[in-house]
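In C-alpha cells below, several structures.
Below are two complexes that have chain A in common, paired first with chain B and then with chain C.
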Partner chain A sequence: MSAHKIPARIYYLIFATLLLLTMITVEVAFYDIGILSFPVALGIACFKSTLVILYFMHVRYGTGLTGLFVSAGFIFLAILMVFTLMDLNTRDWQVQPDESGISLAAPFDHGYGIGKQLR
Partner chain B sequence: MSNTVAAASRPEPDNNYLTAGYGLKSWLLTTDHKRIAILYLIMISVFFVIGGLFAVLIRLELLTPAGDLVSSDTYNKLFTLHGLVMIFFFLIPSIPAVMGNFLIPLMIGARDLAFPRINLLSWYVFAIGGMTTFAVVLFGGVDTGWTFYTPYSSTYSKTAVGLTAIGVFITGFSSILTGLNFVVTIHKMRAPGLTWFRLPLFVWAHYATSLIMLIGTPVVAITILLVFLERVFGVGIFDPALGGDPVLFQHLFWFYSHPAVYIMILPSMGVISEVVACFSRKRIFGYGFVAFSSLAIAVLGFLIWGHHMFTSGQSIFAGMVFSILTMLVAIPSAVKVFNWTATMYKGSISYETPMIYVFGFLGLFTVGGLTGLFLGALGLDVHVHDTYFVVAHFHYIMVGGAIMGYLAALHFWWPKITGKLYSEAWAKLSAIIIFIGFNLTFFPQFLVGYLGMPRRYHVYPDEFQIFQVLSTAGASILAIGYAFPAFYLTWSLFRGKAAPANPWNAKGLEWTVPSPPPKHNFDTIPVVEEEAYDYSRLEEEVV
Partner chain C sequence: MSEAHSGLVAHQFETAEQQRETANLGMWSFLITEVMMFGALFTAYGFYRTKYPAAFAAGSDHLDYLMGAFNTAVLICSSLTMALAVQAAQHGKRKGIILFLLLTILLGGVFLGVKVLEYADKYEHHLIPGIHFSVDSSYAAQIELFYCFYFAMTGLHALHMIVGITILGILVALSHRRRFSTDYYNPVEMAGLYWHFVDIVWIFLFPLLYLIGRS
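Now for the complex of A and B:
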C-alpha cells in the first residue's frame, strides 16, 4: 500500500475539492432550505470524509482487508445509531393494561404489522 | 509442530530476553514484546493490589448493618475506585497485555509484534492513564460508580469526575494500540504453514478481543470525553434542559462497556482452550466452532448492550429486542463450554495447577453465564436490577471467569516466562483456597440480591447481615488465596528449579524455544506442518 506511488496532483485536487466543499457548506448555511439543511450539510460532510479516507488515508490503494476493516467501523457505527434511535423512536409505545391483563397494544397497531397484543 | 522444532535452531539458553540487557534503561526503552509484557505484569499487579484494598474496605464496612467504618460519601468513592481500578487497569489489560503480548509472537512463529515501538507506547500510555486516574484519590476521589452515569456525573457530583474521565480516556488509547498491534501481527506475521485453522485458539481469542478493542474503545473514550465537556462547558449533550438526553449516555457507554466484558473474558477463554487441550492430551473438540464462537461473541456482544438499561427509561420495544438478542450470545458461550467438556471426555486428564484453575473457571463461568440470562430476561431483570444479584453475577464472570483464566495462564506459562518452576503443592492449595473463598464471597450475594438488597449501599436492614458476614468471611479466604501466588511465584524466581523448554509436554511453537525465550524468539522462522493441538502424534512420538 505504502509502495503505491500517488501523483502529487491527486493530493492537490482532493485538497481543492475539500476547500470547495467547505465553502459550499458555509454558503448553504445562509440559505433557508427548510428540512433539507440538515441532510445537505451532512451529505457534504460525509462526502468530504470519504475523500479523506480514500485518498489521504490511502484506503483506495490499500488491500481489500484494509477496506474491510474501514467498512467494519462504519457498520458498527450504524449498529450504534440504529439501535439507539430504535429506543428513541419507540419510547411512546407504552404498556397498556386491559381487562385481561397487561398487553402491549396501541403502538403495534400503527404500521408495523406486529399484531395487537404481545403477552 | 515437532518437525518445526528441529527446523528452528535454538540459540544458547543464556542469551534470553531477561539477560539480554541490564539496568532500568534497558527495560524502560525496550521494544521486546516479552519485556513489555513483564512491565505490564508488574503494573497490573500493583493495580490489582490497590483495587483489592478498596474491596477489603468495602467488605469490612458491610460486616455490620450500620455505616460504622466509613461515611456514605467515602463508601461511594470506595466502590467507584474499586470498579475503576479493577476493570480499566486490571481486568481489561490483564491477559491481552501480559499474556497476549508475551505469547502471540511466540505462538505464531514471529520475532516480535508488528509494531514494537507502538507496543512500548501503549505501556506508557497505560501508565500515564493509570497515574492520572490514581491521582484522583489525592483530589478527594470520585463517587459516580465506574459507570459514570449522567446526569449525576455530568451535573451533580462534586468529586473529581473530570480528572477520572481524562485518565480513563488516556487509558483507552493503550487498549486501542494493543488491539491494533495484535490484529496486524496475526494477519501479517504468521510463520509459513501456520494457516488460520492451525492457529492456537488463544490467538483466535485475542484476535476477536482486538476487534472489540478497536471498534468499541473509541466510543467509550469519546463518551467519557463528552461527560468531561458537559461538566466543564455545559454543552448539553446529556442535559435535558439543554436538549440532551441522559439515557443517550447509557447507550454510548454500554455500546463499549458490554463488549468490554468480552474483552475481559475472551482472552481467558483462549487460555482455557490451551490448558484443556494440554492436560487432556487431546485436540480441542470442534476446533472450528470454538474459533468462530470467539468471533461470534465479539460481534453479538455489540448488539445487546440495552440489557443494562431495562429500567433506565429505554423503550419497552427496545428492551424486548435487546432481551431477545441477549439470549443469542449464550449460544457461542455454551459452544465453548460444551466443547471444552467434550475435549476432556476420554482424555488423559492430569490435575496440574493450571488445570485446577480450568475446572474452577468452567464451574464459575457457567454459573455466571446462566445468571446472566436471568438478567437478560426483560421481566426478571426489573426485579433484580441494581441488587446484589447483579454484583454476584458480574463477579462470577469477571473474578470466577476472567481471573481464574488469568491465573491458569500465569501458572501454565510461568515456567516459559521466567525459566523457573514453582511449587505445585502450594499452587494447587492456593487454587483450591481461591475457589472456596470465591464461592463463599459471592454466592451469598446471589441470595441477598434475590431477597432485594440493593447494591452500592453501606447501611442495610439487619436481616441481610448474615449474608454480608458470610461474604466478608469468604473475601478473607479469597484474599489469602490470592496472596499465596505472590509468595511462591516470587520465591520460584530465586529458588525455583530451572524450567525445561517444555515442562508440560505441550504442543505449540512457544514450547519449542528455551525457557525463558531468547531475545529474538526464533533464530530461524519455523515452518508449521501440522494441526494445532495434535497431541495424538505427540503421544505416538513419546511411545
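Now for the complex of A and C:
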C-alpha cells in the first residue's frame, strides 16, 4: 500500500492548534470588536475546518483528483450561499430593520407566501 | 502490487490502491452532498440573522456557551482519537484500532450526553419552539425563529453523531473479528472521513449559535 502514513506528532500538533483556536474563538466573542466579530468568528472556523480537511482527512496527502472534488464541493457551497443571499438581500420587498435590528411589521407580506407574519 | 486477486480487492479493481482511491472519492462525493444539506441550513440562518440581529443575539444569550465550548473540545478530542484509529489501521495494529474507536465512541457519547442536558434545560425554560414557547421580549417571535434554527441544526448534527457512533460500533465488531489488515481498512478510513466531517459542522455551529452578541 502506498497510503501515506502521517506521523502521529502531526495529529497531536493539529489537535493542539484546534483546541487553541477554540479558546481564541470564545475569547474573541467577548471583546467588542463591533462589526468584525462575525467575520473573525467565521474566519477562525474556516481555518479550523481547513486544518481538519487537510490533515485529519488526509486531503493534503491524497491525489489531485480528491483535492479537485473537495474544492468543487466548496465552490458549489459558495454559489449556493452567495447567490441566494445576494438575491434575497436586494429585493425591494424587504423592510429595513429599525435601530434595534428588529422589523416587527410583516416584512415579507407581498404575496410571495413566505413568512407572512412570524406570529 | 500483488494484492490483486488476493480476495481483499474487489474484482473490478486492479490494485488495492485503486480500490482505496475509489472508495475515497465516493465518500467525498457523499460528504459534499452533506455539505450542501447543511449549507442550505446555514444559508437560511445567515439570511434571518442579518434580518433580526438583535433577536438572534438575545436567543443566543439563553444558550450556555461553556457547555458549547466543552462540547467543541470533546469533539476535537474525538477527531484526534478517530485519526489515531485510522493510523492504527494503516499500521495493522488491531488492538490500537479497537482502543481508539472505543475512545471515539465514548467521546461521542459524552457530546450527546451534554446535548441532552442542554435540550432538557431548554425544555424547562420553555424555549422549545411550539405551543409552549415563551420568552419575555417584545420580539419573542424572532427569538423563537432563532430556536427553530438552533434545534434544526444541532438536531441534524446530533443525528449524524448517532449514525457515526453506530458505524464505529460496527467497525469495532468487525475489527474484533480480524476483518481489517494493512491491505484493507477502507471502512475504518471512510468512517474517519465521516466523523471528521461531523466535527467540522460543529466547528461552525458553535460560534454561530452560542457566541452571538456576547461582547
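General remarks:
By our rule, the second predicted complex is superposed on the first by the 90 of 119 C-alpha atoms of A that agree within 3 Å, B and C clash if a C-alpha of one lies under 4 Å from a C-alpha of the other, contacts with A are read in each partner's own complex, and residues count from 1 in each chain.
Definition applied: contacts are C-beta pairs under 8 Å (C-beta built on N, C-alpha and C of every residue); 3 or more make two chains touch, one makes a residue touch a chain.
Bear in mind the structure is a predicted one, so any value in this text is a computation, not a measurement.
Of the two partner chains, chain C is the only one touched by A:A29; chain B is not.
Contacts of A:K48 after superposition on the shared chain: chain C is touched, whereas chain B is not. Legend: residue contacts after superposition of the two complexes on their common chain; A:F76 is shown touching both chain B and chain C.
Of the two partner chains, chain C is the only one that A:F15 touches; chain B does not reach it.
Ranking chain B and chain C by residues of chain A touched puts C first. In the superposition on chain A, A:T84 makes contact with both chain B and chain C. Of the two partner chains placed around the shared chain by superposition, chain C is the only one that A:I6 touches, whereas chain B remains out of contact. Overlap of the chain B and chain C contact sets on chain A: residues 65, 69, 72-73, 76, 80, 84, 88-89, 94, 104, 107, 118. On chain A, the positions that touch chain B within their shared complex are 65, 69, 72-73, 76, 79-80, 83-84, 86-91, 93-95, 104, 107, 118. Note for the complex: chain C touches chain A at residues 16-17, 20-21, 24-25, 28-29, 31-32, 35-36, 39-40, 42-43, 46-47, 50-55, 65, 69, 72-73, 76-77, 79-80, 82-84, 87, 90-91, 138-142, 144-145, 182-183, 192-193, 196-197, 199-200, 203-204, 206-208, 211, 214-215.
Listed in rising order, the residues of chain B touching chain A in the complex are 183, 187, 211, 214-216, 219, 245, 247-248, 251-252, 255, 302-303, 305-306, 313-318, 320-322.
Residues 1-3, 5-6, 8, 11-12, 15, 18-19, 22, 25-26, 29-33, 37, 41-42, 44-45, 48-49, 52-53, 55-57, 62-63, 65-66, 69-70, 72-74, 76-77, 80-81, 84-85, 88-89, 94, 97, 100-104, 107, 118-119 of chain A are the ones that touch chain C when the two sit in their complex.
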